[in-house]
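What follows is one structure encoded as structure tokens, with my remarks underneath.
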């Protein structure tokens, strides 16, 4: 059998964008630097050569205004894709996104709609600091009328991106910067991954671990460690944060009786609280122990790696928490940790992999 | 200007005025349960501008939107039913006075967040350009919207891309009870647009002929030269900022000021003008008035008799299919 | 004994502002219409006559800019109080509030701080619609570095407002419009109500009901009904949403074993999920039944009273849910409801009381 | 201009250039783990403006802040230690290159959200006015910040209230890799300020004497007339937008363009000028250079030897007491 085609996450996004621009003549992509020689970390590279400046657009640094402009275009027949290099900048556009885009279809009685994708990037590490590495997905998941997507694989990134462009609603599509170099199987041509469906990526019976975006990679790493210790976790990649596929999660927790959720955002009032609440409301009598969440502490992001080292939760935290939930003795947990974490120690904690050299 | 246009200008203004007066009359019944921002005194701007538009042209508006909606040809029934919160309203009752829409005449939408629809008009113009349509985009907003950053972001982009959009600032000197002098430096609002390299003019907004002429010239220019234009019209709101009553008692504007502006009533002035120049007869005026009052009574009746959206509509339309 | 002095909520806020302007010469208040003849629903009425235009300021409609201006003033010795008439408008200022104000103290290593109050109003009903009646507190409670206050009584409004002005951090102080006409005991002169402390407003043993702002009034109404049926609820007014006084809530739930939270915001990803999650994490083994939340459905606010009637949760919903949690039979619940709700029926659901006639 | 000032201008520019070159040298060691936006080529603006400021005057800055910080008198040790993420950094390592502060010289802060600090400068000026202080407020920003609505909101308020604030736009023709022509209409940036009724001038930003003179005149005017002024300086960034390297290879700007601007090196030009007019001797230049290189070596040493913030600092400073 021929080896399956592998693409980087960035390439998957680019290919999806390319296909959408080709198939939907009313679609266009706009964002600061989108047509520039670096092409949004490579995700929009050279699309301008193929589709021209009228469909692959740079823009002034006017986040709220351009969002409103995209809404106006969407209301009159276009399908805009608006790209922001950091989710921090979207705070400038929250007015148009929340006050207008999210509510338009509802407040005008279903008469018109806004097919628009706002693609943006969250991240961590390498000294981006408080204003350049926020994980603000929770703000968006609270707003009725928005859909919020956070893929974790190149396959899903492509399929969900295409679904987002095809969808008739405003979509917040969030990439995690640390996924950009990962590779995976990506079919050629157009395909859709359904919005609103979580994915069970490992079947198991001891505990349900649901996660978003990059944290799914951490859950897989943790799973590999605990598997060896005889623990059998069920892993769920949430993929669509809103509307949340709670059915899949609930079904799993009814089976396993234990639940943990991993999210890259802040803990208090974060997306993880919503998932836990949904689970508790629906599986209370099945729960063997209190659900747990692993998120960022309620602290702005420090710049120095002297502190980010302790700021970001990692595989170790997951393993520890799972084993505690399974009532392991603390000495046994310690020995698993020290055994399994040796290798990890050599990778600096502020880069996704050893090829990464900054400055972004 | 031909007679048809002149009659149409009068008709538009009269319709707007009558509708607003009808709301004044009915609002105290406490059955229209939503804020209303009446435009009595400001009718000439909407009428004079929209008279130059085709059905294909897009219009966007703000919280004070009744005039724009009616001048563009929006359905009076849809407006009144919307104010009453009925399912037959232009937004199925979900919007109220501040969220009007009538896609049959390309009135794309009015919303009350200041400045919110200004970029949308620019986006609609971009969309027309991308789709090779020939229509233009118009947005109405007040003097306070100019203070919002998004106004400038929109003008910058329209200017950069030379988009066919007409910006209409209705400068009525106040934002709620706050005068312009507490909010902006002492310079013409129209001069702001020049900073964005947009052609910009200021005109008396209570003289419908002047409004019409300037709008006509500007719209022709936009259609031909494919570039945005900014117009500032000086006008005045007679009633309270929100609601049906006068607000002389509040004391934030002087009686003299109000009276000065009431003398500049755009409707009376124009009617006098039409009659004195023998362009129309009193008979014709009466006929128009009569027809409009019937139209409005029908709309009231329609609105009152319509039902509220059924309970099962609550969850509908959060997402589009 | 002399009758205790009663003030309206609006008067309490005004008196607090007055006292702060008097006692803190570096404080000032700014907002659209703050010095105008209506004085922000009366809460700032005539303060300009007393303190002059240099301390009681109107402003251009530039939400983000004026927020930045207040931050700049706060960084150089002033204590600004910034007022927005609706929380919907603060979306325009989220950039300065979240990117700058919330993080400044942290990201500059504690070197400078931003003593600033952003006071804003949430509401409901009377046809304000999707863009003028959002309850967006959840957005703010997610952000580290902010404190979020939502009083429910005139007494607390005054005391918490003074505490907010004195505090050296950016504070989001949220009034619910439907509290403006309520009256209650308010002492003269300066006093503080501590930020970060919830208040037990009724001791009880059967269930803990925690609530925010206006929903506290609903919880009291519900409590009066269920008391008569022999149910003994413990009512907690959360008051400070961030930092959340979880200790008080947890202690109560450990005692009652049942928990319900009422919030005026949307359900998904709302503030209620955080409270539930905190409770579950800490009282799992004490819980006799699944905690419940009563919030807005995940729907933009409709304007028509034909739909707001079904949109806003009310006393009935609370009573029903409590009795269900106590395992009452559904027929018994129905009879309590029909017995107790008769009187309520005559008050229209879209106004706080019969004196209210719009348009705001 | 007296000799002391001339030497000071040179000294400031040389310090900035040397610091940036040192960062270029050390950055590849991958020990300064934060983005850096170098200002090589743009030194004259910061030096020429700040030379006119007193310690009491406030300065705010953006992502490209090293020059502003140093020109205002910010501690070089604090800067370098901050880049290394050390607890001795000006922000205790929490900020990195994009978050500089030195309150001992009233450098109130630099942050990287475009336009974010512009209103703060206006607010600081308001605060000075309220407190009856005589100092002024200065904010540095790039050509792209002008596209942000908040820029306009800030100018409107400064103009309305006649606040003592100096707006400095460093127009280096690009935002990241995007040229001005893709972002703004073809007009002078300085003309935007005029729309807000603010006096506005444009000048060569690579000629430190011209910068100094214009800034001096403007600052005197601000101090006396209590009103804001806007200055646009034309200049050029030599290195890549972010990071230590050149970016000729990317192709978004032509080799000729870069070479043209390199010939306009503000530092070389000024040095040549000082020497040719016999204002300073090469000996004096050498002495200054020598002292600066020692100062920088000491700062490097200090930064490298300092320690990271201890683990227990992570939770500290979320709230102020």
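By written order: A, B, C and D. Residues from 1 in each chain.
Keep this in mind: a residue touches a chain if its C-beta (ideal position, glycine included) is under 8 Å from a C-beta of that chain, and two chains touch if they have at least 3 such contacts.
Note that the structure is predicted; figures quoted are calculated from it, not measured.
> Chains shared as neighbours by subunit B and subunit C?
Touches both subunit B and subunit C: A, D.
> Using only Cα atoms to place each chain's centre, name the chain farthest from subunit C.
The chain farthest from subunit C, judged by C-alpha centres, is D.
> Measuring from the mean C-alpha position of subunit C to the mean C-alpha position of subunit D, what distance in angstrom results?
43
> Any idea how many Å lie between the Cα centroids of subunit A and subunit C?
About 32 Å, centre to centre.
> In subunit C, what residues contact two or more other chains?
Correct list: 59-60, 62, 64-65, 88, 92, 95, 99-100, 106-107, 129-131, 144-145, 298-300, 302-303.
> For subunit B, jot down the residues that touch at least 2 other chains.
Each of 89, 91, 93-95, 99, 111, 113, 116, 147-150, 152-153, 156, 160, 182-184, 318 in subunit B touches at least two other chains.
> Does the chain-touch network form a line, ring, star, complete graph or other?
Its topology is that of a complete graph.
> Once bound in the complex, which stretches of subunit B touch subunit C?
30, 32-36, 85-87, 89, 91, 93-99, 111-116, 144-145, 147-150, 175-178, 182-184, 242-243, 250-252, 307-309, 311, 313-315, 318
> Give every residue of subunit A touching subunit B within the complex, in rising order.
26, 28, 54-55, 59-60, 62, 64-78, 95-96, 99-100, 104-115, 144-145, 147, 168-169
> Which residues of subunit D touch subunit C once you look at their complex with the stated criterion?
It comes out as residues 58, 60, 89-95, 99, 101, 103, 108-109, 111, 113, 116-128, 130-131, 137, 149-150, 152-154, 156-157, 160, 316-321.
> Which stretch or stretches of subunit C touch subunit B in the complex?
Listed in rising order, the residues are 32-33, 36-38, 58-65, 88-89, 92, 126-132, 297-300, 302-307, 310-311, 350, 357-360.
> Using the touch definition up top, name the residues of subunit B that touch subunit D in the complex.
Touch list, subunit B to subunit D: 147-153, 156, 159-160, 182-187, 191-197.
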